[in-house]
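Consider the two complexes below, in which chain A is the common component and chain B and chain C are the respective partners.
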Partner chain A sequence: MKGRLARWGWSLFAWGLILLVAAPLVWMVATSLKPEDEVFSLEPALLPEEPTLEHYATLLTETGFAGYFANSATIATATTVVVVVLAVLGAFSLARLRYRGRETIASAVLLCYMLPSVVLIIPLYLMMVKLGLANTIASLVIAYTSFALPYALWLLRTFMAAIPAEIEQAALIDGASRMGAFFDVLLPQALPGIISTALFTFILAWNEYLFALVLVNADDVRPLTTGVMTMLVSGFNIEWSLLMAASVMMSVPLIIILAFLQGYLVKGFGAGAVKG
Partner chain B sequence: MASIAFEGLTKRFGTTDVVRGIDLAVPSGAFLSLLGPSGCGKSTLLRMLAGLENPSEGRILFDGEVVNDVPPGRRDIAMVFQSYALYPHMTVAQNIAYPLRKRGVKRAERDAAVARVAAMLQLDALLARRPRELSGGQQQRVALGRALVRDPRIFLLDEPLSNLDATLRSLMRSELVALHRRIGRTMVYVTHDQLEAMTMSTHVAVIDGGVLQQFGSPADVYRRPANRMVAGFIGTPAMAFLDGVVAAGRLLVAGDVLSMTGAADGAVTIGVRAEDVTIGDGRIAARVSHVEAVGHETLVTLEGGFGRVTARAAADCALVPGDAVAWAARAERLHLFDHRSGVSLDAPCSPVRGPTPRDEQQDG
Partner chain C sequence: MMAAAPKLRGDGWLGPLLIAPVVVVLGAVIGYPLFTALALSLFEVDTPTLRASFAGIGNYAELLGPGGRFWPALGVTLVWTAATLALQIVLGVAMALLLNRDLWLRSLARSLVLFPYFVSTVVAVLVWRWLFNDLFGLANQGLMALGVIEAPIDWLGTMPNALLSVIVVGAWKFFPFVVIAVLARLQTIPESLYDAARLDGAGAWGRFRDVTLPQIGEVLGIVVLLRAIWDFKEFDLIYLLTGGGPVDATRTLPLIVYQEAFGLNRMGMAAAYAVAMMIVMLGFFVAYRLAVRGRL
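Let's turn to the complex of A and B:
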């Protein structure tokens, strides 16, 4: 009797939590589908009475949304590729190779991550101007790499350190080169870690707002976050319907990616590498 | 097939010498056991053989050729790790085929080799499985298969049986011996289990504290231990050590004469193996402190003014703790060690002749 009550309690609690998280998302989708007059109705309804896709059409045909979307996709993909390649190689070095100053480097990397990003904005901006990269997509890729990389390095280092070195040594004895052992044995083992790192980086680059605001002020290189804000939100007016439609479309790529990679993330974690 | 030689091999980690100036050589086709307690440096020695660690000093030679700077993949060796180190994302067949794949062996040839090894190790039915779907014994066989598939000139085995249960371990022991006999390759086997070393090897190197304590045949290290460490490490139950004194050709323990000896006068440490102790017809008084019936025999521990010795007795031995007995040792099997350094004195002992000091006292 008591156990059943507790289970009910937990259930209720969990559903409450889900509601808390999901409600704004549901509201966002619902609003994006409502005609303008329903949005500002004095008796708000959860579901649209006459669902419409007009806001989506407006966004895609009459505004620069598609351009921002392309910019965001480019920036996030480029950042992810750069970060994953650098982090995998760097983490391998920090986890496996023995050299003087290795721990110092690792701590220094962590220290970088601990700096609040706000303090880096102005110096980074000045550097970009000096490099002639201000107002380019590259400047954002570099900026995002600079703060995604430390975390990625540590995540992957921990991950790789947990993979027994003996299986790489076995590969070396079996005739693999150092790189061969890395690709044949370590990389497949580290794949779940690499995917989480890529995911983390992509989401970070996709959602970033502050750096995008400061480093880029030309409309043709703006990513979604700042692009949508400057386009739809001004001091006098907020285009709620368009904003909600834009928000839905911004979320879709992340939802798709997560849905695809979730299985991958779980798979492989349970792999028993050596008998223990 | 290859002979192996170490010359002044030393390995330092920071300021710690893990392996200290080891010299030894085994002929081609030998089964060499590196035997010692955990942390004695035997695994480091094996890893240097494999090329996974670089020696700080000294040379390693295969067939008279220095291989210090040859990377692991080109040493033509195979290794079985204690943890097996199977590739978790590959099937059993892929695991076994990997060394061949890395050497550019053609697919058809590879498949044939895998099939041959799988049949030999009874892995046929498991080829499509992944390592985590196998039992410990099966994983061990896959690791062995991965080593065997290539026919290397030297096999390195790092405590490959330590994760198996007792039955499987003794089975694998005899299979490894049979395998060695069949393929005739040089094998180097690291173990802390003296039974494995004694039963499998042609050569045993006993290592302690990174130093080679003794190198010889299993019979050598058992019958003529070079020092107290080797004597105490080899043999079950462990050799008993007693404080003794040599006076005028007599070996005395707590005032009783144990045997005659050729050793010089002074304090010595006496090593007595359990099978060399006889209870009943001796002259040294003791009390039974412990009786262990092992099944086919009984181990009886005796205590007295001399210290403590263990004796092998018949299975139907009726002694119980507290019994007063007298014991003697087979004189020619006693081991004498320097009291301080523990080095074997290599002095022969012989049965007691004539009256003993205590007898004389009693006579007087």
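Let's turn to the complex of A and C:
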């Protein structure tokens, strides 16, 4: 009896705290569904009294949002593909093959992983201007590898190191080549780790702001992060309901990932972040 | 005993071959830019024209000197890092302990807690700026309805409010990292340790202090270092919330680098700030390496 009561108490307390943490997000969704006069009210209700999708319609038809969304999707997908392919091969090399200089490279990767983007932004800007890549999608994909590749390598190296060597050795003894064993044995085992890495990379690229701010200054290549911020700045009076609708739409990929693939994200946390 | 991995043909050059693309790409997007940044820091460079003249250590002398902004900005950066990190740790450990219990709808709870960490900083900042809106924001309206404050507060435009707001939003955004790392460790603590402590008559606090804390200590150490590095170099959140203002009150080192390069058009000076900042961060990195090595 006492145990059950205690469980109730703890659950209530925990959920109270969780709802406090989630309150800004609830408020974001609520605001995006409210008609303008409810948004700018001095006695706001938590939930919209007459929910409306008008802001979403405005967002998609009268602003550049759809274009930004497409740009972000292209950039994040391209970054993910490039980074995951490079990182899978590189992590296999760092985790499984022995050669001179391997530890040095691993250390350098970790150092890169902790490097502030703001240090690279000026040289990368100069580089893109020189290469004629300023204001292109490609410039962002290239710049994004600078933080996504070290991250992905570190994550995948940890995943691959955790796979028992015995299975791979068995295949090698059976006569498989090193690459054959990699593709047939190691890769399937590492698949959950690869999915986790891909999701992390996609989210990192989707959310990136600083490089997009500096490297891209044209509406037709701008991704969501800087695009939505220009919507904030360009309006005479700030239309918060529209911006909240944009925020919700921008978070849709994340909501999908959290709802269906949460396990992979949590796994990635444990692997890359905490184990050295 | 298992036989050692048979040495196969190709094994010798396969490792370097597979890492080569990574080395080339990282050399191009990190190595070369890093070298350029070091070189740039020795020049005076005008951003729009890119006209440069050699300045030697002039930039460094200026930024470290009496008129330079390095030391005040380092102070702001350290205050921001220490304060937001402390909040993240307290909130993160508390939430991890709660989520480790038998809770209703645990998966949904975990999703909601993870959301701030993975959501774009742009989204987080827009939502909080709307919450902080002077007249229609929930923060002011709520506090006024509760009678805590009489008149609306300017959350982002005055000190010390601006710094406090940035610290709180940073804690909200990044504490889930602590939750997940600590939660994973909590789940591996054997229940028998708690039973033993109970037999010895330890209360809830005693069990936390004598069992939980020593068990999560190592993970917590690594988490503190990693988050310290990431908070120290955070740009988006602060830039988008306050832009560094009022005046320079929330302008951390990363914001100074950006401002020098693209606001004040002094690219060489920006590079010098970036290099100086990196040297401070090198200290964090060495500490991280030592901490992780010490564990093995």
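To be clear about the criterion, the second predicted complex is superposed on the first by the 243 of 276 C-alpha atoms of A that agree within 3 Å, B and C clash if a C-alpha of one lies under 4 Å from a C-alpha of the other, contacts with A are read in each partner's own complex, and residues count from 1 in each chain.
The rule is short, and it goes like this: a contact is a pair of C-beta atoms (placed from the backbone, for glycine too) under 8 Å apart; a residue touches a chain by one contact, two chains touch by 3 or more.
These numbers were taken from a predicted model, which means no experiment stands behind them.
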Between chain B (first) and chain C (second), which, if any, makes contact with A:Thr197: first, second, both or neither?
neither
State whether A:Ile173 touches chain B only (first), chain C only (second), both chains, or neither. both
#### Entry: Touching partner for A:Pro44 - first (chain B), second (chain C), both, neither
second
Look at A:Val228 in the shared chain and tell me whether it touches chain B only, chain C only, both, or neither; answer first, second, both or neither. second
Winner on chain A touched-residue count between chain B and chain C: chain C
Check: Does chain B (first) or chain C (second) touch A:Pro164, or do both, or does neither?
Finding: first
Q.
According to the stated criteria, A:Gln189 is in contact with first (chain B), second (chain C), both, or neither; which is it?
A. first
Shared chain A footprint, chain B vs chain C, residue numbers 166, 169, 172-173, 177, 270, 273-274, 276
The residues of chain A that touch chain B in their complex are 164, 166-167, 169-177, 180, 184-185, 188-189, 268, 270-276
Chain A contacts chain C in the complex at 7, 10-11, 13-15, 17-18, 21-22, 24-25, 27-28, 31, 39-44, 86-87, 89-90, 92-94, 97-99, 101-102, 105, 107-112, 114-124, 126-127, 142-143, 145-146, 149-150, 153, 165-166, 168-169, 172-173, 177-179, 203, 206-207, 209-210, 214, 224-225, 228-229, 232, 240, 243-244, 246-247, 250-251, 254, 257-259, 262, 265-266, 269-270, 273-274, 276
Note: in the complex, chain C contacts chain A through residues 2-3, 5-6, 8, 10-12, 14-19, 21-23, 25-26, 29-30, 32-34, 36-37, 40, 50, 94-95, 98-99, 101-104, 107, 109-116, 118-124, 126-128, 130-131, 133, 135-136, 138, 141, 172, 177, 180-181, 184, 219, 222-223, 226, 229, 232-233, 235-236, 240, 254, 257-258, 261-262, 267, 270-271, 274-275, 277-278, 281, 284-285, 288-289, 291-293, 295-296
Counting only contacts in the complex, chain B reaches chain A at residues 50-52, 71-75, 77-79, 81, 83-89, 98-99, 102-103, 131-132, 136, 139, 146, 150, 163
